[in-house]
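Letters A, B, C and D mark the chains as written, and numbering starts fresh at 1 in each.
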Amino acid sequence: MQSEWLYIGLFLLVGIFIPVAAIVISALLGPKKPNPIKQSTYECGMETVGVNWVQFKAPYYIFALIFLIFDVETVFLFPWAIALNQSQPGVLGVFVAVEGVIFILILLAGLVYAWRKGALEWM
Amino acid sequence: MIPLSWYLILAAALFSVGLFGVLARKNAIAILLGIELMLNAVNINLVAFWRYGSLASIAGQVFAIIVFAVAAAEVAVGLGLVISIYRRRNTVVADELDLMKW
Amino acid sequence: MTFWSDPINFVAQWLRDVFTGWGWSSGLANAIILLLGALVLVSFAMLLDIFLVWIERKVVARFQDRLGPNRVGPFGIFQPFADIVKLILKEDITPVGADKLVYNLAPILSLTSVLLLWAILPLAATIYGADLNVALLYLVAAGALGTLSIIMAGWSSNNKYALLGAFRMVASMVSYEIPMVVALLIPTIITGSMSVREITLAQGDGGVWFFIVAPLATVIFLISAIAELGRSPFDLNEAESEIVAGFHIEYTGMKFGLFYAGELLHAFTFGGFLAILFFGGYRFFGLENLHPLVGAIIFLVKALIGYWVIMWVKYTVPRIRIDHMLGFNWKFLTPLSLVVLMVTAVLNQALAGSETWVYALVMFLANVVVGWLTLEILRAYSRSQRKAEEPVVESVAQAAHH
Amino acid sequence: MTAIQILFILSAVVILGAAVMVVSTKNLVHAALYLVAALFGVAVLFALLDATFLTVVQVVVYIGAIAILFIFAIMLTRREMRDQGEQLNRGWGAAALIGLLTFGGLFMLLSSWRGFNGTAAALPSGFDGVVELGAALVSTDAFVLPFEVASVLLLAALIGAVYVAGTKK
């Protein structure tokens, strides 16, 4: 696996180099005439009112939270999905599938709870 | 080849830095950031012990995955508590949350 | 192995001989060859990206009954080059109060996260980069970096609209990541591997393309891919009429160009992954055996078709509201994908060792049944909704009458 | 000094430098972004340790989900996000001492262990960590119980977090 990671590491370097080069070339060639109006925050021509870091609705956070739990769940499911095909056919194989099904059903119960609690609504 | 000691020393240092963050930070969210560092130090150790120990038992990696789940649960509940407290008390400074002091 | 039968590996082998002939160690020679390979592939992707700009503009013009660029070169094909020159020569404006480092890192990370996907694309049987055994999770991981770049751009711009757009975008991207990951789990179950190369191989000799075995997963993957890309109908991050342009509102010149290039290349790459996961990748009924380059062309054509479908959706369907969008994901797409996953897993085990056509047929029928049940449930739900609303409408009408 | 060792030292420097910034920077969003850098460094270490699956999981879960949630929480709890001012509490000197003592204690403890300078055996050819992991997670002799318990843990976390964070004022 290490040569695969070496390739991806080199790919990362090249992938960072290309956009950096683009920005540097553009910075060298482009004009630089800053003035306060040009650099002010863009709000369709209106003067900016108040601070720019406004506070957010809580639902954004709730959705990110539910996502976090489900994301971790999928991490567990990937090894299970691979183990499915490695297991023996027959009753034992179905048993392996059932283990995962139980896992998913428990998580679905969480989703149902969040749904009933109204956490999936955009308040 | 990297000796095991390098990983262990790095993990110990990372754990100590995280511990400092947990003890010294005022902001409750920053304290949770420190806990994340400590959990990562633990994970480095677990995986290093798996790699340098017996490869046949995959226990080190399984433990590391369980740590991922625990970290996710901890962050979800911890940040949930912080936000709930913030709504009621309008502060996230851990020292000011002294309702239960007595 | 001659040059004609396998050009890429032939050149790699030749370079290896040259390098070791210079007295380099084999490890260094290998690293340099990999670096050259990465350079060639990234340059190819960027060149392709330039033509994607032209394709996108031409196609959207046809959808909207216009001509599109037609002045620079035949069919306006050199228009993107003129655009690039313009973008390079534009002034780069950093707004007051922006967090400079994060502000500059965000567009770089945005394009890099897309380019990283090309490291695992199998272009043909012998033309592929890294054959990771966790390639599908790698796809999700690169998407995670993209999400991070958006939140960095939105936060560092010091602009309300930018932050609002970033929050919307991230909320939708992470939400739709769940059905996407579940859709990725289904080819994993069928193949027993997360490697994109093995998934392509499993759809070859003696196998069927996975969109027959898993039609619902194909649709779920397509929908969540469109959401992940932030394209219409899920382009709430831009929503010109509400938040002007979303997270990249303050970006000018080349930095904006990087976001734009990243978006187009991302869409094309997802077209490619759609082809790999569900439509056989570089395979086309044995035609790919003629020559590796034929396989690469087949793959690119399939990816272009996938890209075209994404464009077709983008320019046909209007934007939907954010609560509808998140509701659609969490209340419909996620439960549906998990149900499909469970059915696929159990059937895959029950059918282990059976003939390919039996396996494909049963899987297809199971998908049809699940899809039909879903439609029935939806129909019943909308009927009950309509019943709940009707009396209100009548009473309002009566009140107005009196 | 081999290339692998140089790579290790580079990532170690990144991890520790970023970790120090996480616990000391005043801007909390920066702290979260430094955390991302530290986590990415740990992912590189996992790749060096041949734990392919954990490498991508580190990026997917930590950077893609946990770091995002942190940034959301920071933005939710700050009316004005650029708060300057002191971020360390009064006892930070004692905390630093405890941190140093912990490191010293761990170092003493570990260096007296005979496996401290152990080296890794080469991976057997055809070793696929993901397949091994999957087999272990579903095997009744190994980790099927933790596998299911993890699901219950996540369910509990989901219910708890939605209950705590979702209540309206």
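Simple rule for what comes next: contacts are C-beta pairs under 8 Å (C-beta built on N, C-alpha and C of every residue); 3 or more make two chains touch, one makes a residue touch a chain.
Bear in mind the structure is a predicted one, so any value in this text is a computation, not a measurement.
Among the pairs B-D and A-D, the greater number of C-beta contacts is found at B-D. In this view the innermost chain, defined by its CA centroid being closest to the centroid of all protein CA atoms, is A. Inter-chain centre distance (chain B to chain D, centres taken as mean C-alpha positions): 6 Å. In this assembly, the C-alpha centroid of chain A lies 17 Å from the C-alpha centroid of chain D. Once the centre of each chain is set as its mean CA position, chain C and chain D turn out to be 28 Å apart.
Inter-chain spacing, taken between the CA centroids of chain A and chain B, is 21 Å. Annotation for chain B: residues 65, 68-69, 72-73, 75-76, 79-80, 83 touch two or more other chains.
Annotation for chain C: residues 132-134, 137, 155, 163, 167, 170, 174, 177, 194 touch two or more other chains.
Multi-chain contact residues, meaning those touching two or more other chains, occur in chain A at positions 1, 5, 53, 56, 58, 60-61, 64-69, 71-72, 75-76, 78, 81-82, 86-87, 96, 100, 107, 114.
Across the whole structure, chains are in contact as follows: A-B, A-C, A-D, B-D, C-D. Across the interface of their complex, chain A is touched by residues 65, 68-69, 72-73, 75-76, 79-80, 83 of chain B.
Residue ranges on chain A touching chain D, taken from their complex, read 1-2, 5, 51, 53, 55-56, 58, 60-62, 64-69, 71-73, 75-76, 78-83, 86-87, 96, 99-100, 102-103, 106-107, 109-110, 113-114, 117-119, 123. Residues 58, 61, 65, 68-69, 71-72, 75-76 of chain A are the ones that touch chain B when the two sit in their complex. Within the complex, the chain D residues that touch chain C are 3, 29-30, 33, 36, 52-53, 55-57, 59-60, 63-65, 67-68, 71-72, 75, 128-130.
Chain D meets chain B in the complex at residues 2, 4-5, 8, 12, 15-16, 19-20, 22-23, 28, 31-32, 35, 38-39, 42, 45-46, 48-51, 53-54, 57, 61-62, 65-66, 69-70, 73-74, 76-77, 86-89, 91-92, 94-96, 98-100, 102-103, 106-107, 110-111, 115-121, 123-124, 127, 129, 132-133, 136-137, 142-143, 146, 150, 153-154, 156-158, 160-162, 164-165, 167, 169.
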